[in-house]
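To keep things clear, I will list the structure first and then write my remarks on it.
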Amino acid sequence: MEKLSVEEVKHIAHLARIAVTEEEIEKYRVSLAKLFEMIDQIHLIEGYNDDMMFSPCEEEAILRKDEIGDMLKEDEVLLNAPHKNGKFIEVPVMLNE
Amino acid sequence: MTKYEATIGIEVHVEVKSKSKFFSQAENRYGKSANSSCTVVDLGYPGTLPTVNSEVIQQGIRAAHLLHCSITKKMHFDRKNYFYPDNPKNYQITQNRTPIGTNGYVEIELNSVKKPIYIEEIHLEEDTCKSAHKGRFSLLDFNRAGVPLIEIVSKPCMHTQEEAVLYLEKLRETLFYGDISDCKIEEGSMRCDANVSIAKEGSNHLGTKCEIKNIGSIRNVGIAIQKEIERQTALLEKGETFQEQTRRFDDKLGDTVLMRVKETGNDYRYFPEPDIPFVILTEEQIKKAIETLPMGSDERRKLYLERGIHPKNVEKLLSNRTLSDYLNTYQDSDLDFVIASNLLLGDISSYLNRNFMELNDTKLTKEKFSDLISKISKGELSNQNAKDILEDVLEKELSVDEIMKERNIQNITDSSFVEKLISKVIMENEESVSDYHQGKDRAIKYLMGQVMKEAKGSINPKVANEKLIEMLNRK
Amino acid sequence: MSKYIDLSILEIHALYKEKKLTPTMLLDEVFERIEKEKDLNCFITICKEEAYSDAKRLEQEEVRGLLWGIPIAIKDNIVTKNIRTTCASKMLEHFLPIYDATVIEKIKKEGLLIVGKMNMDEFAMGSTSETSYFGPPKNPWNLSFITGGSSGGSAACVAARITPLALGSDTGGSIRQPASYTGIVGMKPTYGRVSRYGLIAFASSLDQIGPMTRTVYENALLLNVIAGHDEKDLTSSTEPVEDFTAFIGKDVQHLKIGIPSYLVSDVVSDEVRCVFENVVSLLKENGNTVELVDISYLEQAVSLYQVIAMGEASSNLARFDGIRYGYRTDNANSVDELYEKTRSEGFGEEVKRRIMVGSSLLSSSKAKIYYDKALSIRDDMRSSFLQAFEKYDLLIAPTTTTKAYSLGQGLDDPLKSFMDDVLVIPANMAGLPALNLPAGFHEQLPIGIQIIGAPFKEATMYQLASFLEEKLALDLEGGVHHDEI
């Protein structure tokens, strides 16, 4: 089994938005590679059909009537938020907007 | 000198009109107090699942129909995964593989030549939440999270800013008159991003694409595209190459500015949304959606021109939906649309503007309006009379007849009244009368002027003119 | 003398009706046992106050259905309004849901008493419950052994007879596998049979809530309560809910039963094979047909499962970002730092690994060759199962490849947790109902077998399970050591 490169681990960690230390990177180079190796067994399968089963649910979606239902009170919206500011939930300033 | 050609593609997002949001039952309304219009679904709470609002699907069908798209009858949704604080689940539910509409177009008219602008696809998705910036922080309001959107992606088939502007105006008018969206750019219910690239004329390759995001008005889209064409052309002429980038339009600068150089392709990790099974559209459902569309802008144009309204006034009417809708309530009557539109666009509009009122704030009933217009058209009320009594008509709960009586306005077709006036003028202007009999054309104009002066504009000139000639010839 | 809590639900119900027993009296016994069995570490949150106040409320009304006043334990990935729901993660250590899951609404309406929230693998990712932020629950049959997972706390609770009922969730065997290791009945219903609204999603197209109980009959009773269409979950089925106890007690002798051959191949240990073969003989002796059947792609089921489960998980768990709820890092100066530190500090190892792998599998360069492909093969696998059900009434297989093993044994191997589930994963992939029934022992540890049904055939599965339960007549009290005599 070939280990993942440091760059690969960093790229994947960033995709998942998970900070990794140098030490962790070394660990993931092996453990993620093991998982990928196992997953690669699906390449042994050939000649499957093209219907994608994204859910075992065979019924079509039942659409909802356009009606307004119960909404949260403002304090409920904020209840679990770690940082709030007045009526708002607060985050570090968003750039790139 | 090398000639360059621009290629422009436009992505438009419009917020869809509905009572509740797309995937939750929170109210879909602009301008509510912060964080007062959301449910656990809109906050992306753990364990919550989306439900699908049937009206949004209907609106999607209507939009696809209006934009001449093929409608996808078996659709699913996809997740677009990206981390951003305004994206509550850190994925957006959208349609990547099965957009509700594909291969459409809208028709624009540039220098009297009609041209289709092609639409790649339109799809349904949810809006993000709104953020405001305050120092080192951003503040999130989730009222907008989950509001239904339609994204309309044009083909990169426009070449000038004029085409782009006309395309957007046409799109806005179409969706607005379809009641799909109120298309208010200033409130964010219509948002435009433009992709611009430049290449040597006749070249098969498209140049490097730059995206201009979230431009605040259609006019500014035009300016932004023009500036971007100039910027890129200048760079190419200098022989410089540049990277794909995202820019924004700065209102004050009147120019585009760099936001960020694009990373090597955003990886949105699309995959089918497992929480929403297939949505299957039946013929019946599609028919019902289309049947419930209000009269569209092009149909209105056709109707008004057929009823004799001047093209200029037709456009004025179309830019005022309330008046157009009002006029349309008389579609099946023989009401004179020319007089009616003149009055609506003229005196009635200025009255409403002056008083910051809407048409239905006044005492004008359907019957009163049609009575008023028919009196003018039959000549029973002169334009001047109509002007004089308009305020009363709009403010008092009296019929037009009652108002005329109250204001002591003669029934101007009352022949004895008109005859009395004319006899007086004929007696006082013997010279002109004989001029008339000697065939001098000018005399009749003079006499008519005297009649109208005497009547202080309160009689119908057409009726008076006929009567004058008749009485002169009696002599 | 045995306690009231050890009586069958029918007996308890009769005593309630005769007013010889009250819900409060029963709760006294439950909380006494919770205290005694602290070492099992099967509870994350004990809801003593709420349970007693619910019991007091019940006592004001007439006795209703069979489950009225029966204590139940809830896996801690099912949200309960005003009772913290942690998913056994630091990320949600202090999370207070502001709504009830649909199954919680249903059991409350029926008058069941929630006594606590149960330990599990973090976000249901694992096969031993050892990935819990709150430490592993212990197997009541031997405290140095694993309970299995991810519904390990629920399994241990029922096995130790603390409560007669528990709810678990099953994404890749998380109800059946710990049920097998602890000697209880665990049902993963047909996908769509039970609403997922309020189940904190691991892999949306695989997750299903199900009952974990002492007996087959009681399992069916609980499924009666939680099953049914829910407008809030578009994937919940409109299939009518029959009485799942309807066929229980009916004779079983002309069933055609298939055994998917890969599920009895050399992946299965001798101890398990022995127990399973005993069941097969029993079935044959009683006039049933039992044959091997080939189901496509079972050899690669785990790999396919990994692609789908981790792919979906990476998206489902993206919402844990420290903004609207849950853990948030103390020192974030930018949005990216907020995400990366919060998630790095808030999630445990197994979860991080799976999210990373899932994110990678869905990325544009890989989605087509992994995710899309897995979904296509999944469709074929389901078709193959459905084809088998044209010939067979039910399928049976072992539930686990071995009996429970000692704590800490598989911790360093990122593949172990998947390999433990090799026999249970196929039912999730195909959306089929599957049930674990205790079927024997090896070295004083229980071993279960699995009954797999065609979609919505739970009642037939219960019929076979109750038949075997009666024939096998196992003593499953070995997990009980309360010393209360």
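In order of appearance the chains are A, B and C, and numbering begins at 1 in each one.
The criterion applied here is as follows: contacts are C-beta pairs under 8 Å (C-beta built on N, C-alpha and C of every residue); 3 or more make two chains touch, one makes a residue touch a chain.
What you are looking at is a predicted structure, and each value in this text was computed from that prediction instead of being measured.
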Between chain pairs A-C and B-C, which one is joined by a greater number of C-beta pairs in contact? A-C
In terms of Cα-based centroids, which chain occupies the most central position? A
Which whole number of Å gives the spacing of the CA centres of chain A and chain B? 41
Distance from chain C to chain A - Cα centre to Cα centre, in angstrom: 23
Using mean CA coordinates as chain centres, what's the chain B-chain C distance in Å? 56
Residue numbers in chain B touching two or more further chains are 40, 43, 51-52, 83-85, 140, 267, 269, 271-272, 274, 276-277
What are the residue numbers in chain A that touch two or more other chains? 15, 17, 52, 54-55, 57, 59, 61, 64, 72, 89, 91-94
Do you know which chain C residues sit against two or more other chains? 95, 98, 204-205, 231, 234-235, 314, 318, 321, 323-325, 335, 339, 359, 363, 375
Would you tell me which residues of chain B are touching chain A in their complex? 18-20, 24-27, 33-40, 43, 51-57, 76, 83-86, 131-142, 259-260, 267, 269, 271-274, 276-280
Write out the stretch or stretches of chain B touching chain C in their complex. 40, 43-52, 79, 81, 83-85, 88-91, 140, 265, 267-272, 274-277
For chain C, which residues are in contact with chain B within the complex? 78-79, 85, 87, 92, 95, 97-99, 101, 196-201, 203-205, 231-235, 311-312, 314-315, 318-321, 323-325, 335, 339, 359, 362-364, 367, 371, 375
Quick check: in the complex, which residue numbers of chain A touch chain C? 12-20, 28, 31-32, 34-36, 38-45, 48-57, 59, 61-62, 64, 72, 76, 79-83, 89, 91-95
Quick one: in the complex, what on chain A touches chain B? 15, 17, 52, 54-55, 57, 59-61, 63-72, 74, 77-78, 85-94, 96-97
